[in-house]
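These are the structures in question, set out in turn.
Each of the next two complexes has chain A plus one more chain, namely chain B in the first and chain C in the second.
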Partner chain A sequence: MGLDAILFQVLTGVGKGMNLFLLASGLSLIYGVLNVVNFAHATFYLIAAYICYTITGLFPNGYWLALILAPIGAALLGGICERLFSRLYDKEHYTQIMLAWGLILVFGDLMKLTWGSEGKMVPTPDVLAGGVPLLGGNFPITYIFVIGVAAAIGIALYVVLYRTKVGIDVRAAAADAEMTSALGVPVDKLYIIVFMVACWLAGVGGVIATLLSPIYLGGDLEIILAAFIIVIIGGMGSILGSLVGSLIYGVVFALGILVLPRFALVFLYILMVLVLIFRPYGLLGRPR
Partner chain B sequence: MKWCKESTLEKRLRGRKDNNGSKDDMGLEATLEVWEINTFYALSHVLFKVSLRVQKGELVCLLGRNGAGKTTTLRSIIGLTPPRSGNIRFNGRELVGKRPYQIVRMGMGYVPGDRRIFPDLTVRENLEVGRRLRGTAAEWTLERVYELFPSLKKLDKQLGNHLSGGEQQMLAIARSLIGSPELLLLDEPSEGLAPLLVKVLEDQVLKLREEGISILLAEQNVKSALRVSDRGYIIDKGRIFFQGTAKDLRENEEARRHLIV
Partner chain C sequence: MILGLAVIVVLPFVVGISWVLLVTELAILVLYAMAYNLTMGVTGMLSFGHGGLFGAGAYILVIAMIKGDIAMPYALLAAPILTALITFVIGWLCVRLTGIYFAILTLAFGQLIWATIWKMRTITGGDDGLTGLQIPSVMASPTNQYFCILAIVMLAVLSIKIIVDSPFGFTLKTIRENQTRAQCIGINVKRYQLLAFTASGLFTGLAGALFAILMRGAFVEFATVARAFEPLFAGILGGMHVFWGPAFGAGMLLSLDTFIGAYTEYWPLVAGGTLILLVLFLPEGIIGRIASIRKARAQRLNQSSA
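Then we have the complex of A and B:
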């Protein structure tokens, strides 16, 4: 196997990883700020993907419309769910996971009722079809698009968190919510915003994921596991950590498939176990 | 003896309340009026009918030993530990039932005893959290705050957890000051500071008063507090036992008894 082929595979892994970053960053954000383990996070991702499927079926160039509308739908749904989670903010994590599990089941059945149980494919828009010659192969434009969108959103997220008043308030609330409220910041409103933004991120992730793979019921459970591995490796609560974790996940998985296809996931679990042993709070996380 | 003292105080306060809610005997306007609040932490009763008032531009201290109820009184006023009964009026408006952020937006500032600086935020970002846009004329800008605390300006980009105790205390005050409060609740600002820094702090507190900010200062450090205060209250075991001018408090035997650790 040539170096080109390996590099090519690494790039594919980066694409997959950047897609997952949109999901993992929201999961990490919700945990870091609200101290909620949103086990249902990937459900918003899957719902957005299904909405995207419907919209592309209705309009000839519907994909772009879906890229705008489906994440908004996920965010609105997230806003409603946040009101449910808000009753459990001061409770143990397992009660939050119970609620999340309930949401997964309810939304899972609703998705089954609405879209049926067979897998769905979203047609790739013409502009994104084909590939560019790269490293002796043909690198799909969809991957380049995914990397571009995720990178742009990652940068925007960074700018908002570090350069705006609301972002600084969010970081302050993550460290000390009570003091933040005692400085005049309506922290509960901030929580709704954070939850909705995180679900919007998941929604964008879901819509661009339709370019890389088909949509199927139960996909959310598979992908939430990936997201958890990512935030555990990168560090719960750290956005940069979820980026690093996502890239590691994507690349290790892609290379794993190349070497030992049946054990690709095993490498990631081993990595996760090593991180848990030697740095339990993740590569870029902080002990809480 | 103690009970007798308290009940006369209560009677006096009640008399005022009955006559006119927001003006006292001398006709001065009350910025803050706390009326018989009872505060609990879960099941334990912490404050017993605590009443006190701060007039416009006044610097009032709340003295007491560790665990006497000073912090709880301030937390009750700012809404972090709302009282279960009683009234708190700020510029004539009822505060009980309001959320902390609403109370802060009405013009109150809170500086907690443990400072509570956001460790991962820079000095400027810490200040940014406290910044609000209230269209008042006497608005505190970043420049004005840095003018009062010049050493903070040099630390602009430093992270909160890299500051010394004195610097953190200054930042904690600056952070609520930037919200342009009319009334500042200061919880044990001198705690853990070297004597020289306590002096510096006293000067800064006096400067704030000169700016027209009313201050309620909770302190264990009686000497320091009485150097700057106009009036004071003594709290012990969750009850107000004595109130008077700084001079009264310095000289009264019984007042001192409640302060001996």
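Then we have the complex of A and C:
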């Protein structure tokens, strides 16, 4: 296999990774600020993907509408779920994970009721169809679109967190919620906003993921495990870490498929185990 | 106690075969839930890797019997012991971490076992699983199988009871309540955690092997994350800090699954809803709640008499 083909595969991996970044960054944000392990995070991703399917079915050029509406739907749902999680903020992590597991089961069944159990495909908008000749292959425009959207959102997230007043408040609440609250910042409201933003990110991830692969029930469990691997490798609570983790995940998976197709995922688990053993707080995380 | 034994002995002669099989399955789930509770409830370590261990136990038995032509008693002995060895290695790496990091590392190992089972087609049969397990004729009838499996489960649960009530068990509870304090009074926390995790893996492996016998084969579903959540669910349902809590929870879980599952295909909706309500409003579990109400009443009585 030539170098071109390998580079091509790496680029595909970057696309998948950037898609996952939207999910992992939200997971990481919720953990970093709220100290909640949102095991149900990928469920919002899947719900948004299904909403996107419905909207594209209703309107001929519905994809762009879906890209705006579906993540908002996911965010609203997230806001409701945050109210449930808020009762467990001071409890042990396992109670939050069990609540999330309950949500996964309930939403999973509701999705089955609404959309049935067979897989769904979202038609690719005309603008994004086809590919560009690259490295001796034909690189799909959808991947370029996914990388572009994820990168733009990543930059926006960075600017908001590090260059605005709200971002300062969020980071302050992550460092010391009690002290931040004492300084007059409405931490409760901040938590709702952070949770909703994270679910919105997951929603965008879900909508753009429909361009790369079909939607199917139970896909959320697969994706959440991927997101966990990413935030563990990158470091829980670090946005930059989840970017690095996502890229590592995408590229290792894409290359793993070339080397040992059936064990691509195993490589990632081994990588995660190694990171946890030698640097439990992740590559870019800080011990807490 | 004697009444319970009498019920167990008489049961297969008064109810139909489907009930006998259901109770056999229940016994295995009870063992699984109680084995899991050695880590979660007793020692306070959250593990998501037990699905993998359960699957490992099942596959070791089935592979030994089908591919290795090993007689069932030996395979049934080998399965928990080898699972315990695997658990020991995993635990040795995991106990360095605490809290959610421990949980996620166990999840990773559980997934690693699942992925190995799924991908190693030549040995494990991949997603087709391994079927056609030949059970010795003594155990082949549902009633005989019921007695054999129940006897094994009761022995195992008795062993768990002995472990929990021993000084070793009290040390584990000390670690659960306060790790720092346990360390300060000279307890080697990591070593005890590793031992508890390994013991838990031993019984989980046994439960998996028994389940493979009941199902006459092993399937990759035995090792999924969902399987890892089952005993945690049972513990939360029944109460993980009282000895019989997880057993009660396992019973409730199976009856919900069986009876609600018979009415509607949307049983996860009910299960998930129950779980959400329990976690939010009854975090100590049903048996745990009853125990604490009793305790409070006893304390009130004590105060009024004094």
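Everything that follows uses one rule, which is that the second predicted complex is superposed on the first by the 288 of 288 C-alpha atoms of A that agree within 3 Å, B and C clash if a C-alpha of one lies under 4 Å from a C-alpha of the other, contacts with A are read in each partner's own complex, and residues count from 1 in each chain.
Just so we're on the same page, a contact is a pair of C-beta atoms (placed from the backbone, for glycine too) under 8 Å apart; a residue touches a chain by one contact, two chains touch by 3 or more.
In this text, all values refer to a predicted model and were calculated from it rather than measured experimentally.
Set side by side, chain B and chain C differ in how many residues of chain A they touch, and the one touching more is C. In the superposition on chain A, A:L99 makes contact with chain C only, while chain B stays out of contact range. With both structures placed on the common chain, the touch criterion links A:A172 to chain B but leaves chain C unconnected. In the superposed pair of complexes, A:A129 makes contact with neither chain B nor chain C.
Contacts of A:F263 after superposition: chain C is touched, whereas chain B is not reached. Contact with chain C, but none with chain B, is seen for A:L88 once the two complexes are overlaid on the shared chain. Of the two partner chains placed by the overlay, only chain C lies in contact with A:V37; chain B stays clear of it.
Looking at the shared chain after the overlay, A:T180 reaches chain B, while chain C stays out of its contact range.
Common to the chain B-facing and chain C-facing surfaces of chain A is no residue whatsoever. The touching residues of chain B, counted against chain A in their complex, run 78, 80, 99-101, 104-105, 110, 112, 116, 118-121, 125-126, 128-132, 175-176, 179.
By the touch criterion given at the top, residues 37, 84, 87-88, 91-95, 97-99, 101-110, 112-113, 221, 225, 228-229, 232, 262-263, 265-266, 269-270, 272-273, 276-277, 280-281 of chain A touch chain C in their complex.
Residues 40, 46, 93, 96-97, 99-101, 103-105, 107-109, 111-112, 115-116, 119, 225, 229, 232-233, 236, 266, 268-269, 271-276, 279-280, 283 of chain C are the ones touching chain A in the complex. Every residue of chain A that touches chain B in the complex is listed here, in rising order: 165, 168-169, 171-172, 175-176, 178-187.
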